[in-house]
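Sharing a structure, written as structure tokens. Questions coming.
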Amino acid sequence: MRQEILSVGIDLGTTTSQVIFSRIAIESLALTAIPEVKITDKTIIYRSEIYFTPMKNIGVIDVEQLKQIILAEYEMAGIRKEDIVTGAIIITGETARKENAADVLNVLSDFAGDFVVATAGPDLESVLAGYGAGAAGLSEQLPEKIINFDIGGGTTNAVVFVGGQVLDAFALDIGGRLICLDEQHRITYISEKIKALIQTLGLVLAIGARADLLELVKLTDAFARMFLQISLGEILDEETKDLFIEHLHQGWQLQNLMFSGGVAEFIYNEHEIKTLEDVNLFGDIGPLLGWSIRKHLKNMPLTLHVAKEKIRATVIGAGSYSLHISGSTVLFDDTIVPLKNLPVLKIKNIKSMQEEIINKRCLFPGQMIAIAFAGAAAPTYFQIKEMATAIIAGLQGAEQPFIVVVEHDFAKALGQTLQRLAGNKSVICLDCIKTEMGDYIDIGKSVANVVPVVVKTLLFKN
Amino acid sequence: MEEFVRDISLPEIKEKVLVDKPVSMENCQRLKKTTNARICVGRAGERFKTETLLKFRADHAIAMDTVWSYVDEKIVDRLGFYKIQTMVKDKEEYIRRPDLGRIFAPETMQAIKKDCIQQPDVQIIAADGLSAYAINANLEDIYSIMLDGFVEKGYSVGTPIFVKYSRVATMDKISEALGAKVTIQFIGERPGLATGESMSVYMAYEASSQKPESQRTVVSNIYKDGIPSVEAGAQIVYLTEVLMREKKSGVELKI
Amino acid sequence: MKLKTSLFGNVYSFRDVKDVLAKANEEKSGDVLAGIAAQNTVERVAAKVVLADMTLENLRKNPVVPYEIDDVTRADQDALDIEVFQKIKSLTVGEFREFLLSADEADIAAIRPGLTAEMIAGVAKLMSNMDLVCASAKMHVTATCNTTIGRAGTLSARLQPNHATDNISGIMASLMEGLSYGVGDAVIGLNPAVDSIGSVAAVLTEFKNFMNKWKIPTQNCVLSHVTTQMKILEKNAAPMDLMFQSLAGSEIASRAFGINVKLMDEAYAMMKERKSSLGPNFMYFETGQGSELSSDGHHGADQLVMEARCYAFAKRYNPFLVNTVVGFIGPEYLYDGRQMIRAGLEDHFMGKLTGLSMGVDVCYTNHMKADQNDLENLAMMLTLADCNYIMGIPGGDDVMLMYQTTSYHDAAALRKIGHKKTIAEFDQRMEELGIFKNGQLTEKAGDPSIFMV
């Protein structure tokens, strides 16, 4: 049995914003009365044009105009928001740091569809871009690790994959729009983030002045060298370290690399730069940064792979790769979903589950929480009853349904037992979902006996 | 001091890459993760390495032994199962004569009718099948969670019956004798290498020897590395509700 | 026709030809289960004596399933070359045995068109194990798909990269391991866990891509039901070098497999039109003693003669590969290693005598009284018998079908001790890849990661 669901991805970036719709196929193989359910296919059915992200003034996103853009795209695609089952809005790069970013997400999340999640966080963005670019898929075939750099207007999001798994994710304040130029090639904007670097390099770049090509090249060459140093696992100097957002990388030595994002177009094409006219195609230094990277990659011990998607990598990642599905024997209650932004209370030691729930519950005052743990691979019925008793005792007095998310395959057993022991309370118990403390989850309506779940992981946060 | 030679029955033994000087050890390890087939085992000339050979022999030995072993009757007694036997006399005959493993002597049929609860909503049967170890390992957990589930749903549960030397079809005979609505049979599966504990569950609505095999709804691969017995039990409680509601089972039922 | 004899003062009489054939069969638990086997050892020999005295014409005129009610009987009888049959019809089965043991290869090939399944099964019943090996070893049947199998001096292998859930990466991992042992010249053929068009087409395509990328001269196949493969051909969903189907020896038993002669005729015609392979032989069949009894389609005949009828059915489609899956069906048909070995030698002999490119899946299940040593014994005997091909699976353990068959190692070892090679083009390619040197495994062999660059 095959079911298809519609997913939307919306990316609000530093420079550009876009929308895609994809069709996700969930296939259920019922060889026995316990079906095997998996996501078998993801097809992008509609891609919007690429819009400049509408700004009211510096630092404030124009929500009304964004709504208009999105509304128009739904219409163009012929898709009603009621038909959207899942998806993600991701606010990326410098945009995420705008004053009203949180408001924008909340407004748009409801606007885009019932079960569309809003996410932010540079590491998650890195991972989604890596999926969208095709680096994750390629890494399953490659003998060695691969890094994908998604270079946007304001930031670069990097992820390292090996065998389809994420090994590291991080972000940098490097982008094509950190310096903007007007039609006369005068500098109109220099990002605060790189002022220190400009000073260290001793570059002559000032707002209002006509840009000097050689000075710009010195800057983009410096960025290009940073990408190489990161890829080769070399020790980084302080200027480079300062450009990392929130945390440093793990420092793997890599053999394969890939680029996505708007700047990537100029890494893979043959656009030559001899004059400022060649640079100033979009009022920024994006083409020059691409050219610098292309130049520096020559003769390096790194294999460059072509990304499946470049400027659309992040939006496709958001639209197609944010969804997980539960195991096929679970307990769900479609009357109380969708549930959004449930904080995860992760149990460290299952033996002290009751105490842990009681102690950690107060971290989320007034919030509905999801209890999560790994559990044993094949628990006995006695252990199941112990878990259920501990959860009931731990959540005593809490005005919320039992929401439990476990890793191993025993959710239906635990869910039924919870229901039995707790009387008439509503229970959602899902398995085959891995979460960590600090994660938030969204739970949707069941499809083909499995439940769609989005885990919003703030990856590698310390 | 008493020391042990390493235990080659442990699953991690199978995860080792034994290829001498591979082009890429990392890649061999990655390949192994994609399948439980016995790859990357290396070789001694054209033959297996000693550990590969012994591991194979051990895995076959446990599979052979489970076929020729008996269910631990202490377990079925403790859980209160009523014990009967098919027309088969011994293991050898059980293996050679599947036809006899599907039927009961007339006296046995009469005894069932006399001693067991009539017309239950749910009739539970445990059968040794081709793996005694499967019943020993899984029966207690799966039976207990199902029993609690059925009681909570308000179903009447029949006398649980253990059948020695049994094939799947005995469930039809018992169902007919007792007039059960839903009949559920646990049975030991034909073992694969090293998977001596795998159990299947067959269930049918008004199971009957007049109906084709396709009357049965089945859950298989129940063991600690497959579907945990408690989870299978929970799924069967759920399926029983579906069977009771729809009054049908097997291919006729869309789950 | 005489149906009676006496031995040691006792009279042994038989009901009809079918009864003689059944009781003359070497002991098989399946014939006992069917209630048609000899009551004791002397009765078995008595039946062989009576059988030895029957003519080939007697056997032709008494097919175990009547012509009128069975499409397999019709396929066999209608294919008979009457002229050739006239020359041999008066031979007794005993004389026919001696002919096969003393004649040369060309003489045997010449009389093949005059044989029916009952004659072939009959003579097999009179042969000892070594007789079966001797006769088989001089019958070489070649067939050509992308490459040519069955030439003297070769022992080929099917690469069987089965996976519990048809995970493509897992399948390809087993494939790489197999090729690194020089296995796969007969076919790269998967038994699918999931018989769906999408999944089967994806595996076929993946195999073909790998064969192209590494220039491996062989054929691809996924052993799904023939109707699934026909749908793939219809939709042009994947390249298919070989088309597969399991066969049974009667119309009723075929029904249990969801086929009949008419359907197979259609499948063959469609494959001829749309296949991706080059040569005139593009079908692959599997059989196995006992399947007719298990589906109640044996018509009171023994499992050996029913098996011979499968080969008559197969012959109609000039297959590239046919193999019996000898120990898969279980101990109620072949009880132990001894019965499994006997059946393997019989089936191989009968297939060859029918004129098929015959291989054997030398295998056993865990509820049989058999082990690895029995499997290896039969595999070595079949190598002596010049069997066309065997299976090759990682570590001898099929993690999908849950039985044991010959390993990649076994295929390599049998080539070495039997002084055999793989098919010439394949052998050449293995040399280029550095896996073989002069037909033997090199240092590099046995490492699947050589295919991950």
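Order of writing sets the labels: A, B and C. Residues in every chain begin at 1.
Keep in mind that, in the parts below, contacts are C-beta pairs under 8 Å (C-beta built on N, C-alpha and C of every residue); 3 or more make two chains touch, one makes a residue touch a chain.
Here the structure is a predicted model, which is why all the values come from computation and not from measurement.
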item	value
Furthest chain, CA centroid comparison against chain B	A
Pair of chains ranked first by number of touching C-beta pairs	B-C
Inter-centroid spacing, chain C versus chain A (mean Cα positions, whole Å)	54
Approximate Å spacing (C-alpha centroids) for the pair chain A, chain B	43
Geometric centre distance via CA averages, chain C-chain B, whole Å	32
Multi-partner residues of chain B (each touching 2 or more other chains)	24, 27
Shared interface positions of chain C, touching two or more other chains	169, 449, 452-453
Overlap residues in chain A, where contacts from two or more other chains coincide	143
Residues of chain B touching chain C in the complex	19, 21-25, 27-28, 31-32, 34-43, 45-48, 52, 56-57, 59-60, 63-64, 67, 95-99, 130, 190-193, 195
Of chain C, residues touching chain A in the complex	165, 169, 193-194, 198, 449, 452-453
Partner chain B, residues of chain C touching it in the complex	29, 32-33, 161-164, 167, 169-174, 176-177, 181, 330-332, 335, 365-367, 371-372, 393-397, 399, 402, 404, 407, 409, 412-413, 416, 441, 443, 445-450, 452-453
Chain A residues within the chain C interface of the complex	29, 31, 36, 40, 140, 143
Complex contacts: residues of chain A adjacent to chain B	30, 32-35, 143-144, 163, 329, 377-381, 384, 408-413, 415-417, 420
